[in-house]
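Encoded as structure tokens, here's the structure I'll be asking about.
Just so it is clear, A, B, C and D label the chains in written order, and each chain counts residues from 1 on its own.
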Amino acid sequence: MISEQLLFALCGIGIFSIGLRATLIHQQLLSRLLALNVCGAGVFLIFIAIAYRGETQIADPVPHALVLTGIVVAVSAMAMALALRHKLKDLNDE
Amino acid sequence: MTEWLWLFLDLTLILLLLTLAWLTCATHNNQKGVTYFIAFGLLLALAWARLKAPDLALAEAVIGAGISGALLLAAIKHDDDAQSVNKLPSIKLWMVNLLTVALATLMGWGVWHGLELSDGNRLADQVLAQVPESGVTNPVTAVLLNFRAYDTLLELAVVLTAVLAVLTLNPMRKTYVPAEPILQTMLSWLVPLLVVTSGYLLWVGAHAPGGAFQAGALLASALILLQLAQPTAYQAINLNWMRFLLIVGIAVFVSVGLLMMFLNTAFLGYSSSWSGILILVIETAATFSIASALAIAYMGGRPDGWETFETSTSSGHQGGKHS
Amino acid sequence: MNNPMVWVIMLPLLASLITLAWPRRAHWIGLLFSVITLAFSMVLVYQVFNGGPQTHELGNWNAGLGIALRADALSASLLVMAMLVFTATTFYADAYFSDVNKRMRFWPLWLMLSTAINALLLSGDLFNLYVTLELLGLSAVALTALSDNRAALQASIRYLSIGLLGSLVFLAGVALIYTGYGILDLELLAQRIQAEPLAQVALTLMSAGLIIKSALFPMHFWLPAAHASAPAPVSAALSALVVKVSLYIILRLWIDVFDVVITPASALLIGILGAAAVIWGSWQALRAERLKLLAAYSTVAQLGYLFIFIPLITGLPEGQLRETAFTALVLLALTHGFAKSALFLSAGVVQHRAGHDRIADLAGTSRALPLTTFIIALSGVALIGLPPSGSFIAKWQLLAASIHSAQWWWIPVVATGSILAAAYTFRVLGHAFGPGDSAGKVLNWGREEIPALTLALFATVVLGLGSAGLWDFISNNSQFIGG
Amino acid sequence: MIDILALTIILGGVFFYMTGSIGLIRLPDLFSRLHALSKADNTGLALITLGIAMLEPDKILIFKLILVWLLMLAASAISSHLIAKHALSGGKQDD
């Protein structure tokens, strides 16, 4: 039977690839931003999948801490990208 | 029997995650994309819970789906529906597809090989053995604020940088209409509840899932709700306080770190009998900074008077050239 | 006062907070703190010179569990270069921004950029590298967006999404490393790593992410727009430092940590990309119509040279020859850092004075701005690789290494690149010295020109004449060669 | 015995949820969708909360579950109200 780690890690790779493909394809900022966030979620899922150590054991806390950092970094980057987008729209409207 | 049930549930979750990821990425309609993305974030929180990462499930629900969702929805509020979609030439599209598939295959191979190679423990045993020394009992908090506290410090710097960018780029959004009475009634008891819950999360982070980031994000959502109900509430805000709140997290963190360097030679090397209290102090300060940062990110820019006070109070430093 | 490594990261960070809290005195705080930080970076070099590579285990946790700061000759010399460029540019920037509000926006972000660069150069941990990369990327984008016109905003949006993509791909590689080895610390990883599929896949991912960020040839498309549209001091830092520190991680990974994994074919591939960057970047620089765009394309080319060193170094046997090639690489990186920042700063002066930086309309600049023209010429000398600049010695050693490792095919690339560099430099100078209506008197803008002149002199004279000292320093204190 | 009862109640909750979701997809306009979703989901949530509470020995956790249920109830009632009111006042009715 396939282990949960491999199963979810492969899912993470799948999500990463979907996001990566969309990042490369989309021209428009917001779609690209969503794609980048999906892409990041895939990487996070790989980390958390391999941190899982079965029903009985505590999971590895290091990847959890790393991903928590990653989530906060991702939301900061998103806030900044949206601010840039807003400014550009304002300039375009003028 | 239960094993197969788990496998079935896992596969369902994975399939849903992949589908939502695909839908988020495939649509050209911003509104749909954002909606799918929020749903994706919530499902991801479920996946974190499944993989025994409750700290992350909390963080993802509050930050990943909640705050990001709010930011995105606020951003697309005034978008036109019609999106001009210029399609890639099909050769380029196929190259991208090929690249992605090749990379995914490589990564799959790498992960498979990596799982074979590893003993499955990695740093876990080492970290768990040291957790009693760290001053807290929640291992994730121990890693975040003691073993790898430096990462967390730089992460706060990342948050501050993003907020500085938001503050420099735009003035605050001012298009809010007065809220429904029913929403205001709800908020009058929901906001205090959120504040209390956020304090609880901060406190409980020492020994159970929770901590500064979850607490900060929750506090930020309280601020955002307040803004939705009372659009004028922020015009009275004291700008010096706002500056103070933004920097207090890093300032306390660095001060503690440097103080410990004088006492114990290593930057952030807490004296072990004090580490619990030091971590709580740092986390409290960080909660305020994160909350104010996320709230400002939602407001979309600087409040009135953020920049102009220098010109009004002093002629200051002249340009220094063209003379 | 016991550890300069901590101080060079914490001082700019603290300064950034103070400038935010007290914007009225921002420029004094910025200048003061960057000078002190520069002093600490020199202390660090002194320590490395006397005591070999330095380690600081943060939080008193051993490096596997916690994070370690590390400095060896490579990171220490890049750090000093970064701080010199940064300090000079800080003095320049103090005079550059005339708008009060803009200056207020500039300082906290600028010091945050310095924090990120220093933290990245000293980081000894893979995930920590990711966080510093993000800090670097976000502060660089925010600074680019400071010149708030449409072109700059479009460039910075592109810069941001490309940067995020790069760091995510890098992070995916880190995830694979942690999967297989359970290690994030670079030194422990170097002991543990073997030539196996996992390591190769992970290295491919991490390098791909970093190549995007350091704008190696096929991934260079975002760089010229971003670097050319940012305010001049920001462009100087972006071109001289920001792309270079991503390249520093690539070097660290390829030559130090993953050296057993590297195959000659992969080294050759990255070298070929570097060669393509040299030719393409120089050609585009020659065709560029604006001075800042020329400088940006020239960055693409100059980074290419640094990548050509990778197949040479991995192709040489351990020992004297390899050390020499490696030192030449460092020398070239340092020289380019100084020369390119000087060029961007002078371009900023020209732009302020003339209101534009179109190369074709520069006629008369040499009379109106003699010192600035001189600085442009000096940086040109370093970019071409004429004596006595540091890059002359570096390129000489690059040719020598090509011969020693029997990879003669790099020689025509270097020759072509240098000829093209000479062509684009003389094109600018030719226009600048041309007869023109240089209305007005001779101008010296000391506060802007002196920092630029200092940097240009470092590139051409100090590094050229002082290269022997650098040679000793690198070959005795590098982790790379095991010396 | 209590296990089987709890399981039945939880399954009942799942049934209500599914009905609500089918309603969301199949019903023709915003108001009936909203109706189906809020009614069915609240009932479903109540049943699932009840079922889990029966299985849970820890009293504090039961209290927390009830709190979750109440909060969800308030949130869904108010958000449905807001969506409906927005739609009535001239917002878009389609998705």
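Following the convention adopted for this analysis, a contact is a pair of C-beta atoms (placed from the backbone, for glycine too) under 8 Å apart; a residue touches a chain by one contact, two chains touch by 3 or more.
Bear in mind the structure is a predicted one, so any value in this text is a computation, not a measurement.
S.K.: Pick the pair with more C-beta contacts: A-B or A-C?
M.R.: A-B
S.K.: What's the distance between the Cα centroids of chain A and chain C, rounded to whole Å?
M.R.: Here the centre of chain C sits 29 Å away from the centre of chain A.
S.K.: Can you compute the centre-to-centre distance for chain A and chain B, using the mean CA position of each chain? Integer Å is fine.
M.R.: 12
S.K.: In whole angstrom, how far does the Cα centroid of chain C sit from the Cα centroid of chain D?
M.R.: Each chain reduced to its C-alpha mean, chain C and chain D end up 57 Å apart.
S.K.: Out of chain A, which residues touch more than one other chain, so two or more?
M.R.: Within chain A, residues 9, 16, 20, 42, 46, 50, 62, 66, 69, 73, 76-77, 80, 84-85, 87 contact more than one other chain.
S.K.: Among all residues of chain C, which ones touch two or more of the remaining chains?
M.R.: Those would be 127, 131, 134, 138, 141-142, 145, 148, 172, 176, 178-179, 184.
S.K.: Two-or-more-chain contact residues of chain D, please, as numbers and ranges.
M.R.: none
S.K.: Taking the top-of-page definition of touch, could you list the pairs of chains it picks out?
M.R.: Every touching chain pair, ordered by label, is A-B, A-C, B-C, B-D.
S.K.: For chain A, which residues are in contact with chain C within the complex?
M.R.: So the residues of chain A in touch with chain C come to 9, 16, 20, 23, 29, 32-33, 36, 39-40, 42-43, 46-47, 50, 62-63, 66, 69-70, 73, 76-77, 80-81, 84-85, 87-88, 91-92.
S.K.: What residues of chain B sit close enough to touch chain C in their complex?
M.R.: Its residues touching chain C are 103, 106-107, 109-111, 113-115, 117-119, 121-123, 126-127, 130, 146-151, 154-155, 157-158, 160-162, 164-165, 167-169, 243-244, 246-247, 250-251, 254, 257-258, 261, 264-270, 307-308, 310-311, 313-314, 316-317, 319-322.
S.K.: Which part of chain B faces chain A closely enough to touch in the complex?
M.R.: Chain B residues touching chain A: 3, 7, 10-11, 14, 17-18, 21-22, 24-28, 30, 33-34, 37, 40-41, 44, 47-48, 51-53, 55-56, 59-60, 63-64, 67-68, 71-72, 75-76, 83, 85-86, 88, 93, 96-97, 99-101, 103-104, 107-108, 111-112, 114-115, 118, 120-124, 127-128, 139-140, 142-144, 148, 151-152, 155, 158-159, 161-163, 165-166, 169-170, 213, 290, 293-294, 297, 300-301.
S.K.: Spell out the part of chain C that touches chain B in their complex, as residue ranges.
M.R.: Chain C reaches chain B through residues 2-3, 6, 10, 13-14, 16-17, 20-21, 23-24, 27, 56-61, 64-67, 94-95, 97-98, 100-101, 103-105, 108-109, 112, 115-116, 119, 127-128, 131-132, 134-135, 138-139, 141-142, 145-146, 148, 172, 176, 178-184, 196-198, 201-202, 204-205, 352, 445, 447-448.
S.K.: Okay, in this complex, where on chain C does chain A touch?
M.R.: By the definition above, chain C touches chain A via 127, 130-131, 134, 138, 141-142, 145, 148-150, 153-154, 156-157, 160-161, 164-165, 168-169, 171-172, 175-176, 178-179, 184.
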